[in-house]
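In the part that follows, the structures are each spelled out as structure tokens.
In the two complexes that follow, chain A is the common piece, with chain B as its partner first and chain C second.
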Partner chain A sequence: MVTAAQVAYDVGWGILHYIIFYPPLYQLIIIPGLIAALVVVIFIIWFERKAAARVQMRYGPWEISPRTGGATQLIADLIRYTFQEIIVPRTVDFMSYIIAPNAAVIFSILPLVAVPMTSVSQYWPIPMDFSLLIAVALSTLSPIFVVMMSWASNNKFAVVGGVRESFIIVAYELIAVISLLAVVPLVSTFNLVDIVQVQMGGRWLGLLNPIALLDAFIAVIMSTSAFPFEIPDSESELVAGPYTEYSGLMYGLNMGAGYIRRWTLSVLITLVFLGGWAPYRPGPGVVAGYLVPSLIVVAKAVVVMAIMSFLRSVYGRYRLDQALSLAWEVLIPMAIAAFGISIAETYFGVIP
Partner chain B sequence: MHVPAKPSPKEVPRATFLGRAVAGNLGALAVGVKYFFDPNRITLLYPHEYIKLRQGYRGYIVLIFDKCISCASCARICPARAMKMVSINVFDKKLKKYMKKKYPVINYNRCIFCGFCVDVCPTEALYHVPYHDLVYNSMADMVLTLEDFQKEPEFVTAKEGVPVTYIYDEKKGLVKVHYEEEGGEVQKAEGGQASAATEAQGEQAQGGGG
Partner chain C sequence: MEAAPRLPGMEVRPVERHVYEVQIGPAHPGSGHMRIFVEVDGDIMVRVDPDIGFVHRTMEKLAEGRDWIKNIPLFERMAILDACNITLPYVEAVEKILDIDPPPRAKYLRTLLCEINRIASHLYGMGIFGVFLGHSTLYMWAFGDREVFVQLAEDLTGARLTHSYPVFGGVRRDIPDDFPQNARKAARYMRNRLNEYAKIFLNNPNIRKRLEGVGVLDKNRATELGIVGPNVRASGIKYDVRLVEPYEAYDELDFEIPIFEEGDSLARAWVRVEEIRQSLNIIEQAVDWLERHPREGFMHDRFWKNAPQLYKDIYNGKIDYAGKYRVKLMPLFASLKVPAGKASARVEAGRGEMFYYVESDGKNVPYRVRVVSPSFRNVIAFKYVMPGHRLMDLPAIYGSFDYFPPEWDR
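On to the complex of A and B.
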């Protein structure tokens, strides 16, 4: 005897378990993928503007809803970007002009498929044996499309911005890779789940190896052209850098790609250095085993991202040569030193 | 308020790399965090707040009809030629008959709010109102008639806005405060003579300005 209620229940259970909580879909689309990233990015842009305004003796977004501090301003901006006309200039290389922003967004969100949100192996999107390596490798793909869109734009400001971007890419990529992989000798695994399990007792790798955390933090700031490294799209010199010829939703995609990239790398930093879902031990079931740890990771990553955004209110912008000299002369030796610290801690047996 | 004649720069150990990093980055971050938790916002949210200006501010000009002796000094001294004399028939009380007299009217298209007319007036028949944010619908409206010139213009901002003023705080620098916080003390301290004091202040400001 099959009743309608039972069929509805089964269909609902199936949708919940095989579509919503199907790990690749869940991680790419829901948490920490597109939807969570969109919500977080809207919050972070609002926070960035309000924090910069507070420090700089202004109010920031206020007029649109004074009680919430202008929080709905960003939603209004999103709607405006969505319905704005997309103007494609006649001189651009059309295919790469259209493909580059979309590819930048997709590739900046792609590393999330390699990060685990729980220690329950049923809910891993891919086998986790070399997940740190895969995530770091995937995270280095999206900046290429920024250079590509600057070349496709066929505009002098865009080309200058793209050249600066490529300088910065060469500078920070090595720092990001070395400092994120500096924890590997310490835990002697590439498995992100094992890395989080090691930190379960409160010994976060960010505390054991703070130089690697600092380096990875600065590398993420450089890679997403946040202050003080907002060099490729410096508004006062180049109109919008590589994004000069873009308008409407395409510009929104470009701007969002940077923030989504920052979000992805914040999640990665959270897992590697700040313990992931650390004090919480995932239990059985979808909610206790998948939803709650992913929300914990999201909360930690939001804090990391808020600190990155706060720097906007304090710093000015470095010149290109200053940023490059900082990267090559200070940060890369620091990254190698962090690697050495990990090896030394392994030698003295800090982690049993 | 203690302002040193020569600001003496603090000695910061910036010779070494570590000193530079600490003094530059951590100092800036500390200042940023301090302002983040204790903000000092000085932006004027204009329609919701307005700066309460002092008596003696050279705002819009109003004529006191009965004090005017038609000497035309105001029209003669006006550097922008905004003030003009118009002839009207008025009833003279001493001579008990109607006669033509000249009275000033103003054209705010031309007026530069220099206040010379107020300063030069021998009988103080002209005075400033301490506000200047006013909207006219057309340029023709800005050429006032004699009747309009005798009325104080309506101060629309004060109906909805909150009066604020900027004072110098020794710790935080320039801060924005509500006007009552500062003006209330003056009212209490001076008592009944507050109006006289403000008048004297106004005269002083005018003298200094002229």
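On to the complex of A and C.
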């Protein structure tokens, strides 16, 4: 005889296993995808403002909820953005104007489908054999839509911003790709799970190859136009750069896409250089095998992101040509050097 | 190219094919209301045209319809953060026509407020400069520390910004008793802070890279264009009205004029920092002098003799001075008629030489007031310094000239 409780239990178990913890869905929507990204972005923007405020001798967000230090300020901002009227200027190219921000957000979050959150093969969203390559390749898609936005906006500031963005894309993508792939000779695999497993003993690849880590870190800062590379949307000469013609939720999406991209790449850096879920060894079951390691990855990635955000209170912005010369003349040779270091370490058998 | 339509009052400028015109302003996110037409060829600016007259407010014409004393608050509106320096030459010019000389105490008090204003003005300029380069920390620091000097000015005059402090024949009121110690404390604080500014901004490798060798204005060009103030001193020219034509108490004070030879944006930023140091010295010397000398008249006898009884009681020591009494203008000011004559005066304001020419025909309003403000003389540099630089250098150069739109258009 089947009792109602049994049915409820079965249905609940089914929902938990086949819907919530169904790996592609879980990764894209919950952790580290949309929901985690939203929470993290809200936290990081709050942290960014609070940390900058601390340096700059002021309070930062405060009045909205003094007990939590103004932590809900971003939620209030989000609500405001959501209910603001979306103005579509008559001069824009409508379809691409609407599609570009949405596509930018979607493609920013897409690499997360290729990263593992655990070593238990049951919880991999896709086969992991070439996951590093897939994730890196997917992460290069979203900036194209920023250029598309600026082109669709039909605005001088937007076009200048878009041109700057495209310069920066060309510069940073090579750095990001080379420095993230620099670990491959060291571990002789593209499999992110294997890469994390190698680091289990505490030999993080970031420690073995710090130049690659530094390069990837700077490339992420450049790619998401954070300080000191906040060049495409530099306020003082281009109003908001490629986003000038956007308002309300569409502008929010644009800003969100930048932060989500930073989040995605931080997760990738965490997995490749900072040991992923190490030193924790995923056990059996959904919680021990999936939820806990993914939370560890999230925590590490948040730290990476917080460091990036803090740079705002120290640096101004570089000039475009200075940023580009830094990228082409310093960082790319460094990335290639990082490759060489990996090969040398492999030759001397640093990793057995 | 087909002929552009020509209408009366319409200016048509053909733009070359490969050139892209960007308008910085008129509602600029960093600065006030101003507009710069920039033509960029690729990323290089080929033509920069500051749109003079965009916020013109007919100050000179308005002055012709106002009583002599009421022009002081009017002229303050040119640069409210530099209010004492901006109105002082007007007061001096009128005093020349009236043929009166303010008492020494008034001179020191004016000098004191001028230097407080200069520091506040430089800090304001540096804050704007910082945010132009995306350096929000300097912006917040400079504006936060400016509060110290705004507070000093409030203690001294009763108003944070539009002090209307120098009036014909003297100043509006004397310092409160606790002012000297507050001023010394502020000077000590600010000296420490300037070192930190150098650490986070001026010696920050990122900022140095943005500023070094950018917007170089060499000696000859600076002379040719008639640049004034800290900008010309950053180009290696020792020109300062306080030096060449000392006014008020400056000839009795000991201070240096910082000179930098490079003439680039970084030098212009450093000149301001060094000037703040010198201004702090001057403030300390001025409050020392004021402390050493007993409270005495701060208003010329001609106006003081029919001052309100309250004033006289305070300064005769019958009532303790606490700086809390309401300040009233001397009765004579309301009906002041300046004898016919003409005079001019100039001072070194925060942004450079401020010049007034005043002409009177014996009525209760001026016949003519001509104002030449420092930003007006500096703005022409944009046109000659900026072309050849990249568009991203525009904020760096603009900010380094510490240029103030309301002062440009009077």
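What we mean here is this: the second predicted complex is superposed on the first by the 352 of 352 C-alpha atoms of A that agree within 3 Å, B and C clash if a C-alpha of one lies under 4 Å from a C-alpha of the other, contacts with A are read in each partner's own complex, and residues count from 1 in each chain.
The rule is short, and it goes like this: contacts are C-beta pairs under 8 Å (C-beta built on N, C-alpha and C of every residue); 3 or more make two chains touch, one makes a residue touch a chain.
If you're wondering where the values come from, they're calculated on a predicted model, not measured in any experiment.
> If chain A is used to align the two complexes, do chain B and chain C fit next to each other or clash?
clash
> Output check: A:Phe310 vs chain B and chain C. Expected answer is one of first, second, both, neither. What do you get?
first
> Look at A:Tyr59 in the shared chain and tell me whether it touches chain B only, chain C only, both, or neither; answer first, second, both or neither.
A:Tyr59 sits against chain B, while chain C stays out of touch.
> Check whether A:Ser234 is in contact with chain B, with chain C, with both or with neither, and answer first, second, both or neither.
In the superposition, A:Ser234 touches chain C alone.
> Looking at the overlay, what does A:Leu38 touch: chain B (first), chain C (second), both, or neither?
A:Leu38 contacts neither chain B nor chain C.
> With both complexes overlaid on chain A, does A:Leu174 touch chain B (first), chain C (second), both or neither?
Once the two structures are laid over each other on A, A:Leu174 reaches no partner at all.
> Chain B or chain C: which reaches more residues on chain A?
C
> Under the stated touch criterion, which partner chain does A:Phe157 make contact with: chain B (first), chain C (second), both, or neither?
A:Phe157: touches chain C, not chain B.
> Is A:Gln322 touching anything from chain B or chain C once the two structures are fitted on A? First, second, both or neither.
In the superposition, A:Gln322 contacts chain C only.
> Considering only the listed stretches 2-10, 74-82, 92-100 or 182-190 of chain B, which one runs into chain C in the superposition?
Between chain B and chain C, the clashing stretch is 74-82.
> List the residues of chain A that touch chain B in one complex and chain C in the other.
Correct list for chain A: 55-58, 313-315.
> Along chain A, where are the residues that touch chain C in the complex?
Listed in rising order, the residues are 52, 55-58, 156-157, 160, 227-228, 230-231, 234-237, 239, 312-322.
> Could you pull out which chain B residues touch chain A in their complex?
Listed in rising order, the residues are 28-29, 31-32, 35-36, 39-43, 45.
> Under the definition above, what is the set of chain A residues touching chain B in their complex?
51, 53-59, 62, 310, 313-315
> For the complex, which residues does chain C have touching chain A?
Contact set of chain C toward chain A: 20-22, 24, 29-30, 40, 43, 130-137, 139-141, 144, 200-201, 204, 206-207, 209-210, 390-396.
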